[in-house]
Structures are given as C-alpha cells and as structure tokens.
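Just passing along the structure, written as structure tokens.
So that you can tell them apart, the chains are marked A, B, C and D in the order they are listed, and the count of residues begins at 1 in each.
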Amino acid sequence: MGNLSVERRREIESSFAKQGLMGAFQACLDKIGFGKMEISMPYSNSISQQHKFFHGGAVGALADTACGYAAISIIGNDEAALTAEYKINFLAPADGDRLIAVGSVLKPGRTLIVCQGEVFIEKEGKRKLCALMLMTMCVVKNLGHK
Amino acid sequence: MGNLSVERRREIESSFAKQGLMGAFQACLDKIGFGKMEISMPYSNSISQQHKFFHGGAVGALADTACGYAAISIIGNDEAALTAEYKINFLAPADGDRLIAVGSVLKPGRTLIVCQGEVFIEKEGKRKLCALMLMTMCVVKNLGHK
Amino acid sequence: MGNLSVERRREIESSFAKQGLMGAFQACLDKIGFGKMEISMPYSNSISQQHKFFHGGAVGALADTACGYAAISIIGNDEAALTAEYKINFLAPADGDRLIAVGSVLKPGRTLIVCQGEVFIEKEGKRKLCALMLMTMCVVKNLGHK
Amino acid sequence: MGNLSVERRREIESSFAKQGLMGAFQACLDKIGFGKMEISMPYSNSISQQHKFFHGGAVGALADTACGYAAISIIGNDEAALTAEYKINFLAPADGDRLIAVGSVLKPGRTLIVCQGEVFIEKEGKRKLCALMLMTMCVVKNLGHK
C-alpha cells in the first residue's frame, strides 16, 4: 500500500476531533497509517454496562470507528466513505482498564472497502483479543469526508 | 410467548439503570415486553459523528442493548445472557432528533437466543427505518443478569 | 415499489437457468416479483450434511440466490448486482422434505441494495422458519446481469 | 493448542464423507489439524453461477464446512457442534479452477467456538483471497458429531 499524505492525516485528525462520541469516550487516535488505524479509550463509568465492563456497544463503536478511518485513509480526495454494515463477535469479556481497536483494510475497492477490526482489552498491562469485526465501507463521490 | 413478571421487569429496569453507557446516551427504556424492548435516545453532541448525525457505533450500541434486554426478558431466573455477536446494516443516515431501537426475540433457545433489532430515526415527527440488526445472545447459567 | 417488466422477468429466468448450482440443487424459481423472489428445492442426498438434513451451506446458497434475484429485479437495464456480503443465522435444523427461500429487498439504493432472506423448512406439509439472512448487494454499471 | 487424536481424525473424515453436498461438490478434506481445516474443490458446472464463476453460495458452503470441522476438531468426545451463524464478505470474483477454504478456530469456548474462514481462488497456479468468513459454532452435549 501507499503512504498517507500530511493533508490526509490532518483531515482524519480533524474529522476524528469532530466526532462527539469519540470525545465522550475520551478516545485517542493512537496510530494513523495508510489503511490501518489504532484507537484506544480508558474505562470510565460512561461506557460501562451493568457488570462494570466496557459495554459491547462501545466495543463495537470503537472498532467501527477504527475501521472507518482505515478506509478513509485510502480513498481519493474527492471521495467519502460511509459504513454500510458491520458484524462483530465478542470473544472475551471487555473487563479491563483500556480498550484498543485496530482497524485494517482487508480489501480496497472503488465502491466497497472491506475492513477488519480487532479489539483488545488491556488489564494490568496485559492485552487480550476480546472482539473481532468484519465490516464494509461504501465509497461515495463528491461528499466531504472531513 | 408468555408474560413478563413484575420482578423481571424491575430487574431489567435496575440493570438498565446500571449501564453507564445508556446513562451517558440519555437513553430511556420506553417499552418493556416479554421478548420485546424499545429504547430511545435524543440527539446530543456526545453521540455524534463528524457530520453531526448519530454515530453508527451509537446506533449499533442502542440496537444491541434493545436486543439484549429482549433476550433477558425471556430467560430463566437462574440464567444470564451475553451478546455473542451482532451484525448491523445501515439503511439511511441517522440524521434526526431522536433514535428509537426496537429489539425482538426471533428465536428463543436454551443456549442461543436470536434477536432482531430495528432502529428508527425520528426527524420533525416522522420515523424512518435507518438500521437493521441480526444478533445472537448466549444464555449462561448461574450468573446474575442484574 | 414498481412492477417487473416481462423482459426483466425473462432475464431473471434465463440467468437462473444458467446457474449450474441451482440446477444441481434441482431448485425452482417459484415466485418472481419486483423486489421479492421465492426459490425452493427438494431434499436430496447431494445437498445433505452428515445427519441427512439440508446442509447449512446449501441453506445459505439458496437464501443468497433468492436475495440476489430480488435485488436484480429492481436495478436498471444497464446495471448488474453482485453479492457483497451476507450473514445468516440458523434457527432450527433444516430437517424436512423441501427448503423454501424468500428474498426481499429491504432497502433499495443506487449503490447498495440491502435484502432479507427467510428460509423455511417444510416437513409433512408444515412450514417452519429455519434461517434468516441479512445481505448486501452491490450495484455496478455496464455489466450484463444476465 | 493440542493435538488431534487418530480417532478424532477418523471421525472427521467419516463425517465429511457422509456430507452429500461435499460429495456433489467433489470437495476434498486436504488438511486436518487441531483447530484448523483445509477443504478444496475443483470448478465444475454444478457449482457455477450465471457468469461461470464459482457460485457465492458454494463459496459460503465450503467456508462453513471448513470452519465447522475446525471447531469439531477441538470439542470433547461427548460433544457435537452446530453452525449457529456465519457472515461472509466477498473480496474478489471466484473466477478460477479451484477453490480452497481454510477454517481456523479463533476462540475456543465451552458453549461457543468462533472461527474464521479464508477462501482462496486458484487460477493458473496463482492463489488469491476471494472471501472471508466470521462464524460461530454452538457446542452441544450428547449428540453424535459423526
């Protein structure tokens, strides 16, 4: 794959900063690559479910966002990309201090971009895969992706 | 299907109240039925994506929660149910004032409960289907579902 | 939705007849509607799994085909539609004499068409829902869909 | 992971031989490992779609079977495993001479086993990833898995 331009990197950072949900989650865009993104967030009460683990919906939202920006990193300047669908399997309880989602482009395409999301739960310094996502982004013309 | 006991209804309300994510979303458990739940939330900046629509991850989280409690409403007193996986297709932009998720049990089972989630976006009083979820809950013994 | 033209109906019948898999399955295109298709096949050893039920993969293939033609029925004359992805949940063993898949367009779109597939198993004259599919077709220009 | 016993290997071979669909597909169980299976099949008219590629439903069926036996290879002697659900994304047209599905256990569990299936299309000696599956097997007690 190619490289990420400085402009595209700034666009992604700016777009991410505009996502109120990511702000509310205190999420950070830790790594920005061409076709690969890493986003993490600390545990807090506002993303918990009833057993005080990370809520499955928050796990899905983080993975969706990481995959979405992985796709956005590879599209053209006159294109935008929207989530068409995603599927997530939960592999272990998201019981820990920090959640890390890694989104990667599996298959670039002119119309569809297929991504994989891996979500890791970190507890006392140890990382464990806790969810796996397979998702599809749809590329559209002439919409700002910022 | 059967009826929801007063005890189970209270358990679900109490469990829902403990979900920090639902609190942060200002979500309400609007309808509690046996095998069917309706949850809604108003638009706010803290659940937005970069275009000021509801974030797809928040759409997924609301549908997951509605489906999850639909499943929990039909399990035994000594059982709990956990999300095994879900898949969501986005049908229209979640551009509106309020998001409503309806979760319904499609197939009850001793081990697996398959649910469907429909998500509607409400704008100026009109409702429109904006996402559809197909998900699987896994029933486990001897874990509190509260 | 609109009506299916005689030409489109013939194209679909002709395309279906060219699918070697459907021929091997002895599958019939029972109902052809605008945005809705019904395909059925009898039980035979060549579509069985090890317990002599319909193989889950054959269940998926039939539902995929019904959904695919439901999408093809609504696209333009200069368009084709390809399966982007599908997800299927198995609700009951496919133990019976005949399998019936009903594919319906849930959401038409210029680029993506989201369909739902319901699969019924028929045994001694009784029908039972045995699987549910949620799938996405991708519309492409300038490819024959015949 | 552990090793596959001679008995389990024979059970899997015997179960595979009983699958009429795999026989009709002329499919071979090429590699049998603990938590990992590889199945392939040649192109033939009886697994084609209308453009003379491998039918997407056949691609799904092969991946489902590879994942299913990967799960069955790791369960206990008194257990069986059934497909609960699967999701498949098509990455490239299955245009070639031979289709190869590799099923791997991603997450073993007492009740659920999550598997990944990779499907490769081989044309003139070159292999290309053409589909990716994420699927869930449900483990049940006291049913013969043969």
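Note that a contact is a pair of C-beta atoms (placed from the backbone, for glycine too) under 8 Å apart; a residue touches a chain by one contact, two chains touch by 3 or more.
Bear in mind the structure is a predicted one, so any value in this text is a computation, not a measurement.
*Asks:* Would you identify the chain whose Cα-based centre sits farthest away from the centre of chain B?
*Replies:* Using the mean of the C-alpha atoms as each chain's centre, the farthest one from chain B is D.
*Asks:* Would you mind telling me which chain pair, C-D or B-C, is linked by more contacting C-beta pairs?
*Replies:* C-D
*Asks:* When the C-alpha atoms of chain B and chain D are each averaged to a single point, how far apart are the two points in Å?
*Replies:* 33
*Asks:* What is the distance in Å between the mean C-alpha positions of chain C and chain D?
*Replies:* 22
*Asks:* Taking the mean of the C-alpha atoms as each chain's centre, how many Å separate chain B from chain C?
*Replies:* Result: the chain centres lie 29 Å from each other.
*Asks:* In chain C, which residues are in touch with two or more of the other chains?
*Replies:* Within chain C, residues 84-85, 87, 89, 114, 136 contact more than one other chain.
*Asks:* Spell out the part of chain C that touches chain B in their complex, as residue ranges.
*Replies:* So the residues of chain C in touch with chain B come to 87, 89, 91-92, 106-107, 114, 116, 129, 132, 134, 136.
*Asks:* Within their complex, state which residues of chain D touch chain B.
*Replies:* 84-85, 87, 111-112, 114, 134, 136, 138, 140
*Asks:* For a test of understanding, state which residues of chain B touch chain A in their complex under the given definition.
*Replies:* The contact residues of chain B facing chain A are 15-16, 18-21, 23-24, 44-50, 55-58, 60-62, 64-65, 68, 82-90, 146.
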